[in-house]
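To start, the structure under review is shown below, and the notes come after it.
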């Protein structure tokens, strides 16, 4: 389900961007064609690429799918939901990132290693910020497992809690950074010195590339879903509600939210300019700070 | 009674003399002269010991008196004289660190010694008890003398003067130590001087002078 | 399944564990025997390494087994008194759950290390084989005795023997001056620390002149004395554990030692310090104060961050690992601090959670840090290179080591589904509950702590990517690396053992939790539930947090497999081998890869205040540019240099006392005499 | 009876060696006499174990738990040192630093020195004690100046003058003691000087006099113990004398002097109470320990280094006696034993090391394990032992001392900590490069006879982990005696 939707979401964002930059928009289903094309090509593999390099795409894809299976995007009582709470989820993303950077270093081109370094740098700053955001949620609802968060939200809804707002802002910033969007990175650039994510993929081709691209769109989708679960969990079917009807509502809600989110994302991207790489830490530190502030505010105001 | 009174007077005079001599030694410059002074000190010690022996009627005190005579009046000065003759050191004199100050310090020491000995001597029963303070003073003065000296021989003389002080203390406080101990002490003293004699020659042949600046090489640098 | 297994084990334990303290002592004695057995054929490396060390490994297994059984059986503590030691103080030996847990750790990790060492030591390296074997096994035995000791004297004897034997192991290549310097620094820190511990015992014996731990347990202290004892102990054990600022010896000594020894010091010896602090603060001292917890927490977190940052900028692979040890120890101490904090505010369940986190992390660290140090050993043998700047691309030359190192790397980076993640997850969980503390300002403080923790964990991942990527991936940076050889089978066996341990605990965190449950139960009277079902762990409550390593692992593997199959079905598997894309610049060489320095650059950039840097940048016109950077610990200049300078000054100052002039000497004694006379007057 | 034999044998040996000291077999004779002394001493010990304390020779000599183990120790170390000096002095003779005449002097004086020390230990008479101490000084003066070099002469001269003056003070103290005792005990048969009688009436002795006497005795015998700031003779004498002499000076003479101090302390405490003498001893001890440690830090000459370490350790022992109480006294006695064993062993190895390297300067001594493993490891282990590394016995006593100090006088522990730390750094940073590291000189063809070293170290090691019940019993009894 998620697997299917994810590229669509990516395509949607691309389209919105195009509109906002009043270019002629690419068709919505372009990502799918892209994937198909890539799958049909045959792989050009560097001579001394190791097993690690070839295994990584599958690992990426696997972790992302698993993450998608854990995040309550539609229903809260997922089979896998108990397997990993949000911290474990962050861990999963970290795993994916580490594998990707290792793979990037494997060939040993200057760009690969450079990209890996930058990715890790962004990562080790973004991860704590994300954790802090989750701590916020925990303080509100006393749990780190997303489904119970959603349920907890259901029991006492509070949206204008200042800490939540702080957290939300921080989360958006982190999400942007993590998914290689402007202002940290630019998904559609191949200008060597500025790229991060693309620099790591530079050696991938054909089906490997396809998997990696797919995984990254999935990642974006997952982040979006986490955001929804944390900050606007309306319409997600919970234990209480009965099967089909609730599910339909949930799907509709999700679609709506995705559309809005994509548009918003595109808006942000086209409004903001890309930062110098050395400014990135400041940006992320800002997010981190916001999240911690959220915590402190919550404790001070004693919600 | 009358005689004992007299004896006590004489003893006091002698003790004072001893103190005076040690001051003289403190300021004495020439080795020869120091040896003579040392001999005189011994002699006074001998006399006072005899008097104490007489008044207390202890025969063993006579022995120790005789020992004093032999050792400190005759033997040691003689040995020392021969030594310095052999070493050709009898005429050499040494400049001291500022005699008046030394004297002043000496005076302070004497006062200190008296103050220290006062309570003790008050509880002593001997007729010489008041000389205990003087004995202590003599010891401290000899110590001071050793500190101020630059020459090996004179330092040794200071050392021997200190022994005199000890002896005086022994007699004055307690009519002398038991005989065996006296003998032991005397023997040690003799051997000590003998070894010193050997030393003088060795030092001479190594450093061709008995001056103590030569003996300042072993130090933390 | 697991639970039933647990029952079965405990059933077995009932039968076996009646007198397992005796059997443990026998094993320890056997270690010593092995050590001395080396002198039968002092110069034959085959005899010592290939025969004695594996035997030692077997003994390790025995120790681990016995300790595990004891833990499972839940026996009462067992006591033995040996007719040795001081006349009024024979050696008391006691096996309780706390010591059993650390013995388990010692045995499990030690087995792997010994096996590896059997393959590692070559002839003609440093010390004579027999001596090496003696020191090595003495080291093992003394660590076991530290854990088993039940009176202050035996503890100190074992403690210092441990320091001494490890010192000799560190300096086994004593012809190199740096190594001698490292050894010296290590030994003196160890000794000063030991004296502190000794003084702490001096306080603890409470005037009862019995140095047995029982007497100390029953003694009562005023807050002042209790705190004094605790602080002294903290100084001593912190110096051994490498807690900042007593850490300076650690990054010197660990790299200097032969790799198995580094593994033992880092993986096992540091844990004895953890054991010590636990023993004193939770067992021997009857009262605790929340300020202690805060102190431990702050120190621990600072060390953790400090270690991670310094590890990120290292260019020597073993130094990097050493700093990462500082980081991990810091995390463990933070956990203990939290435990004290909770325990003093009567939240025993959360205290148990924090303590469990600390214990499990000790266990994990023992496993993966040993694993990584051992891999560096293999790399060292294969390439004779320690500097990251000269390595690279080894995954092709030594696939075994590389793949096993990958497991270690992932787990130390705290990534699911491996074991590193488990303990860090637990630690984060326990942090989450701190806001319920009674002290308001602590509640303000703790989120920052949590933030630091998160930052550290993320940094660790960064460090480890650097470690693994630079050593094993990319192009070889030196021509000589092409003829690097893989590890021999004994080394592989040792590595595999440890790696399996990592994966196992990652997949079944319940094991670790079950092992640590009795300990927390004993120290805090409260244990965390391993989980309602065997599938996942939910320490506090199902709906609050839960994690299942097994399913996660299985999930990832299955999804990966499925995808792989699908892709194979959908797409054809044609592969065209080509050269690396050179971005249109064909003159790239392997030297153009990102170096270790380069990889550390962002960290230097961000945390520049932490260290003293000396850089010389080549000028633009320089034809043969050399870029050199030298990074130093500020604390070294801040604390240690002043101390040594001060001592030097004093020593110079008092020289005049021995000026060589007899008159002056006489004056001294004269003045002393007068002074004393005045004193009695 | 045994006592007289124990005293007679070394005297006889002195006489014999004064006659035959120049012969080839002199060294063997020396060792033989020492062995005989050792045997006699051990039989004495056995007797004491069986029948308890004894008092012979018109009460002039006595044995109690305090001095009996010191007698045994003295005889033992004397014997091992004689063993060690046999080959060592021979090599010295080969190097031409000695000639037969001096060897004769050396041997006879060595025996005389042993006699003096045993006398000092065994006598019951405070006056005789003084005489014996003086005799010990005189005999060692000649031993220190054995090489007749400028340095050795200077060292011997300083040693003689300082200790002579000190001893004089001690004599004055003894006189005062006699003066005080004579009032209660009377003059007949010098009972007023007999320890056994004094201790019986110590309660009635005049406090003021005894206080004064203690000062003089402390300064006097303390000079020989090497307490700072009276220590200045010690490093010179240790560095310039022949190595066996340094060994016995450090290992035995200091102990005996300390023994004298403690005897006096016990007496004095009986009348003026523990506080004053205890504080004095503690102050001297701490001062010596700290000063010794800092001096250690700046040494270049190996024998000076360990001379200062002796000062430091004597300071620690004195401090422990100052603390008082059964535990501290026990620890102090134990420390006396292990220190003399370890330190003499160290001097043995140091002597061989400097012999092989041809210099006493530590910069000139490198890579001993390469040159001769026994020397290297002997030095390394010895140093570690003296630095208080378990399982060596020194650690056992330091363990007790430190814990007691922490309990009784916490303010002293920082000083002890500094002293131990600085001494550790000082000694170890010098020893490590001497033992380890590269050396240009070739390995020795045959390793020197270092049996005594390893015997001593083995004993120290054993004392660290296991103490025979009898020994422990002595220590306890002696500790009770000292109070």
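All chains are identified by letter, namely A, B, C and D, in their written order; residue positions are counted from 1 within each chain.
The rule is simple: a residue touches a chain if its C-beta (ideal position, glycine included) is under 8 Å from a C-beta of that chain, and two chains touch if they have at least 3 such contacts.
Note that this is a predicted model, so its numbers are computed, not measured.
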For chain A and chain C, chains touching each:
none
Per the contact rule at the top, check every chain pair and give me the one with the most C-beta pairs in contact.
A-C
Geometric centre distance via CA averages, chain D-chain A, whole Å
78
Separation of the C-alpha centres, chain A versus chain B, in whole Å, is 101
Between chain B and chain D, centroid-to-centroid distance (C-alpha), Å:
31
Just curious, how far off is chain D from chain C if you go by their C-alpha centres, in Å?
44
Residues of chain B that touch at least two other chains are 116, 143, 146, 155, 215-218, 220
Among the residues of chain A, which are close enough to touch at least two other chains?
none
Scan chain C for residues touching two or more other chains and write them down.
655, 657-658, 662, 666, 673, 677
What are the touching chain pairs in this one?
A-C, B-C, B-D, C-D
Inside the complex, what are the residues of chain C that reach chain D?
83-88, 152-153, 156-157, 160-161, 164, 171, 174-175, 177, 180, 183-184, 187-188, 191-192, 195-196, 198-199, 201-203, 205, 207, 209, 211, 647-648, 650-652, 654-655, 657-658, 662, 665-666, 668-669, 672-673, 676-677, 679-680
Chain D residues touching chain C in their complex are 157-158, 161-162, 165-166, 169, 211-212, 214-216, 218-219, 223, 229-230, 232-233, 235, 276, 280, 291, 294-295, 297-298, 327, 369, 384, 387, 389-391, 395-396, 399-400, 402-407, 413, 417, 420-422, 424-425, 428-429, 432-433, 436-438, 464-467, 469, 472, 475-476
Contact footprint of chain B on chain D as seen in their complex
125, 127-128, 130-131, 134-135, 138, 141-142, 145, 148-151, 153-158, 160-161, 164-165, 168, 171-172, 174-176, 178-179, 182-183, 187, 190, 193, 206, 208-209, 212, 236, 239-240, 295, 298
Please name which positions on chain B make contact with chain C in the complex.
112, 115-116, 143-144, 146-150, 155, 212, 215-221
For the complex, give me every residue of chain C touching chain A.
392-393, 395-396, 406, 410, 413-416, 421, 425, 428-429, 432, 435, 443-444, 447-448, 450-451, 454-455, 457-459, 461-462, 464-466, 468-470, 473-475, 536, 542-548, 551-552, 555-557, 559-560, 563-564, 567, 570-572, 574-583, 588, 590, 592-594, 598-599, 601-602, 605-606
